[in-house]
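A, B, C and D are the chain letters, set down in written order, and residue numbers restart from 1 in every chain.
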Amino acid sequence: MGLSPVLWQFLVKWMTNFAIIPPEASRIAPQVDALLVFMTLVSLVGLVLVGLLVTAFSILYRRERNPVATQIEGSTLLEATWTIIPLGLFLVMFVWGSVLYFRIYTPPPNAMNIYVVGKQWMWKAEHPGGQHEINSLHVPTGQPIQLTLISQDVFHSFSIPAFRVKREAIPGRYTTVWFEATQVGTYHLFCTQYCGTQHSGMIGEVDVMTPDDYKKWLASSTSGVSLAQNGERLFASLSCNACHSGQPDARGPSLADVYGSKLTLSSGQPVLVDEAYLRQAILNPSAHITQGYAPIMPTYQGQISEEGLISLVEYIKNLSSNYRVQQTLNTSTLLPEQPDKATAKGAATQGVSKP
Amino acid sequence: MSTIVSLPDQATARIPKRNYITNENGILSWLLTGDHKRIAMLYLISITFFFFIGGALAGLIRLELLTPQSDLMAADTYNKVFTMHGVVMIFLFLVPSVPATLGNFLIPIMIGAKDLAFPKINLLSWYLYLAGGAMTLTAMITGGVDTGWTFTTPMSTHFSNTNVITTGLAIFIAGFSSIFTGLNFIVTIHRMRAPGMTWFKLPLFCWAHYAASILMVLGTPVLAITLVLVVLERTIGIGVFDPTKGGDPILFQHLFWFYSHPAVYIMILPGMGVISEVISTFARKRVFGYTAVAFSSVAIAVFGFFVWAHHMFIMGVSNYAVLVFSLLTMLVAVPSAIKIFNWAFTLYKGSITFETPMLYAFGFMGLFTIGGLTGVFLGSSGTDIHLTETYFIVAHFHFVMVGGMLMAFLSGVHFWWPKMTGRMYPEKISQLAAVVTFIGFNFTFFPQFLLGMLGMPRRYAAYPPEFQVLNVFSTAGASILGVGYLLPMIYLIWSLKYGEVAGNNPWQATGLEWQIQSPPLTENFTTIPVVTQDVYDYEWLERQKEHEVTHVG
Amino acid sequence: MSDKFENHDVNAGHTENEQHIVSPKVYLAIFGALVFFTALTVGASFIEMGPWNPVVAIAIAVVKATLVVLFFMHIKYSSKLMKLTVGAGVFTFLILVGMSLSDYFTRAWGQW
Amino acid sequence: MSDSHAVATTADAVHHEHPSYQRHHFVSMEQQNETVSFGMWLFLLTEIMFFGGLFTAYLIYRNWYYPAFVAASHTLNIVEGTANTGVLITSSFTMAMGVWCAETKRHKGLVWSLIATLILGLGFLGIKADEYHEKYVLHHIPGTSFSAQAFVHPSEEALKAGEKPIAPDMAAKTEVYFSLYFAMTGMHALHMIIGIVLLSGMLVKAWRGGYMNGHIAFVENFGLYWHFVDIVWIFLFPLLYLISRHQ
């Protein structure tokens, strides 16, 4: 008797909260759900078919009714049927699923980019305007959002069930996923890849807001320094501008408008400049040397944190002229000549990794 | 309900005095035995031991998940518990379960051989298994390991400060036990068949084990070398999987899943073999489309090597690789579908009875169908994004492994119990246990599909409160399931002394193993049989009985 | 009794009871070939052949390995089953290497 | 219910004289020998896959960090590497001769072949040890003591020999090369050591007149193992030592 009120409570709770799928809060969600429903229906039909066959045969051919079995070798026709029909259905699911997969992982060109850094055990979201959030993400409706994910330590996985999207955050490499939120509300944000002790604490909330609210939120929560501005400071303090000055005789290539362009590497390979390329070119420069330049750039591996890299990448992405690069260079001529030593001075700037 | 069980007259029947159990006495005669049947029994005892350890850990997991907070144990304890549950259940129970016990016991007898090809290696593989198990337990007792059974790098190489090395080496050693078992089976099936026992007279149990053995022999060493690299990376920091040194952690995933995906076929294929035997026997019919079922086993084994990257769809493998692996995954689902329908149609025009092994087999068919079909949800890349790394995966995996494999294992243990021990298990209570297991299983794992759909991530010690109701259902189901597993343990031990004497062929089955005494002689056959009958040849069996009646009776 | 064991194993195809004994002359010839190919591969690595350098190196290694398998390891004189076994090993090895590499090579194709 | 063997319809009472080394569960020696060598081959398949994981890793990183692999490969001692290849091939040859001697029951030949194989095997390990030692001196063993400085600032003689300095970030990737170098040659050496232990036992038995009764399964299967270890080296040698030596 003692248990029954508890059970009753649970039942009521379950009946009132009954849901088998999370809310559909993104443009892709109904499309994923359509395939899920199709698959569920096919599965149910298959299961019922097997169940019916087994039950019917068990009743019809139980020993009491059918004391002597009739030996049957098999039937090529029947076997072909249940080879080809499942195969056909599975192939439909494959094609349908692949189409969805490419949709989910191919961001549209007008997507707004937000960087997300995973670390044990929190998500840090970095908006281009300099808004930083921990374990939460504010996004507007009606605007495609691209997430550029990276992990600072182990594998994490960024999952928003209500949007039906999920992407692994990998150490040492950018991955992307995009969504377009449709419903205002608060949704779960999970880390789904097991990442250590506080794995289950690495959850947060996605706040979907109307575009107006979002603008207000952006204005109210900015840190005052946009990612690009922070990147500019890093660019100067790491003395990147000493070589990438944009001057004709500079030792490094000009970085203005380099993002999105096609470069030819010193190995002769053509390459598209995207976030991943920029990040790699900072950390492993020698394999990413633009044709016509000497491989003299030092590696910044271990000197810049992932957040710092994001700032630098964002800065270079938005760099459309070398005017300010040269300005900073002129004003900072008092800095010592050795580029490596300058980092010590710039360590105070956000993003330089602390040992 | 009628039954096919035909037992000898209990008043006069005796267990044959000379058999593999009574042949020699003393503990050493067991520990140094080369007899495949004794080694099978040693395995049966040891895997049961590890099953209950893994089961107890599962119970702890379910208890912890009763409430949304991590209150029963701290998060790091929970992580160690589910890691150990995975390691123990997969490497120490599921992989050796059917092959090392039933396969070991039956394959030589089924093909008319006196023993496996390499009896000493067979014994060695049991000792390796024990060594691996002991090391795993040591790792568990001395602080545990918290990487999950998948040992994801760089978590396992640089960030975990638990007993990764001990556990890794334990799995390495247990892996060699599995390699040797597989090697033994392949060689035995190729080389030791009795005269007349052609490939297409092999019981499907042997075909399934043959296919699984190929996977064991070719897949396991890749896991071994991967674990060696993880251990080297932890000890001297070689950096092959370390992104900061230029290594690629995804390479670890490739190598790990190259084994661990075929490993699920290593686990399920022998179970499928059991189901083929059981369904045929209790329907009194040749398996419908014998050749198709046999070749589907081999097809699963071969295709099983081509699909591993479907565990990595969201991990940043190339999208083209995703396409290829997703397509191949769909193809590997087809042989399983063929098997299910062929089993269903084996019942057609049969003469069916419903003893315990058959009930478990029905349970297997239902649960494996669900498990297999939900696998397609995960193989299709678009839906995989939403469902992967959630409780949907957990439910899918447990439907296939616990609903499929464990049902098949229990089915097989009941089916061959009279052969292994010479005594029957009590029928009524075991039928009850089968039903309890089925109900408990569905209660435990079906809610987890819903949790997964809702997006609850796996390996969470604490979870948002809205998932509690389904978790309570699951935990409640687990307690029923626990009873379902304890019951057979109890009545099977009881039956060792008090069970009815089974006679040679209580099920009136056709396999060679049923034509010899129960329990068998150490040498199985006094003279090597010459196989003239077909496989699952019930008419031959009838003639044989008449022959006996006219000549002996 | 043993005669009953012959030729019932249709698929396995082990037909010979006599162990084929390879003459030392064959061994010596193979040994010579192996030494020759070793010298060749070392020599070839000092010649600039662009992308063909690794191809040549691997090809020579494959030839050497094949010689060892066929003659030193008697596969040339063994049953079909043995040949098939070796083939299965090489096949699975190529699956592991090939399909893993396919991921790495195609990663560069798209924006992913 | 009769007590047994309904199937064994043809009572075959004829029992051949079995040699003492025939295991009870085999019907004939042919069956036993074929079974054992098939088993050995399957074991070698697992060995192929065991090294397969390492080869996969090697090929991936070689593609990624080609300059580092070239530079690191050039520091290997090609003379010792080639000599070792020769030594191993020769030991394979002597082993094959050993099997032939056992097949044709030549006691002296077998003993001398095995001694030659043993010496060559030890010689291989000796040369390998010298190479490892050189790596140790140069701080090329991965781990805490590893240093890629020699690749960023090559020594005078290396520069003279045509080595070019490589960028520090690429030079750091030589650690991946050396990780694989040590993992692959280390695994290979481990197999050699196991082989030498087995070989020693076999030699003692052969010395005392063993393997002359036609039961030479152990010699044959050890031969297979030894040749397999040779094959692994045949691939390791060009992959590790001979990357773009012309540069």
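One rule holds in what follows: a residue touches a chain if its C-beta (ideal position, glycine included) is under 8 Å from a C-beta of that chain, and two chains touch if they have at least 3 such contacts.
Being a predicted model, the structure only gives us computed values, none of them experimental.
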item	value
Taking each chain's C-alpha mean as its centre, the one farthest from subunit D	A
Of B-D and A-D, whichever chain pair has more C-beta contact pairs	B-D
Innermost chain, taking as reference the mean of every protein Cα atom displayed	B
Between subunit B and subunit C, centroid-to-centroid distance (C-alpha), Å	35
Cα-centroid distance, subunit A relative to subunit D, in whole angstrom	45
Junction residues of subunit B - those touching two or more other chains	190-191, 218, 222, 246, 251, 254-255, 258, 316, 319, 528, 530
Shared interface positions of subunit D, touching two or more other chains	12, 27, 31, 34, 38, 42, 45, 49, 52-53, 56, 60, 65, 172
For subunit C, residues contacting two or more additional chains	1, 4-5, 81, 88-89, 92, 96, 100, 104, 112
Interfacial residue positions of subunit B with respect to subunit A in the complex	1-4, 70, 75-76, 79, 146-148, 150, 152, 154-155, 159-160, 243-244, 246, 249-250, 283-286, 288-292, 313-316, 319, 322-323, 326-327, 330-331, 333-334, 337-338, 340-342, 344-345, 347-354, 362, 365-366, 369-370, 373-374, 376-377, 379-386, 388-390, 450, 453-455, 457-464, 466, 468-470, 472, 538-539
Subunit D to subunit C touching residues, read off their complex	12, 14-16, 27-31, 33-34, 37-38, 41-42, 44-45, 48-49, 52-53, 55-56, 59-60, 63, 78, 82, 85-86, 89-90, 92-93, 95-97, 100, 103-104, 223-224, 227-228, 230-231, 234-235, 237-239, 242-246
In the complex, subunit B residues that touch subunit D	8, 13, 16, 108, 112-119, 121, 179, 183-184, 186-187, 190-192, 217-222, 224-226, 228-229, 232, 236-240, 245-248, 251, 254-255, 258, 503-505, 512, 515-517, 521, 523, 525-532, 544, 548, 552
In the complex, subunit C residues that touch subunit D	1-2, 4-5, 14, 17, 19, 21-24, 27-28, 30-31, 34-35, 38, 41-42, 45-48, 53-54, 57-58, 60-61, 64-65, 68-69, 71-73, 79, 81-82, 85-86, 88-90, 92-93, 96-97, 100-101, 104
Subunit D residues touching subunit A - in the complex, by the definition given at the top	65, 67, 166-170, 172
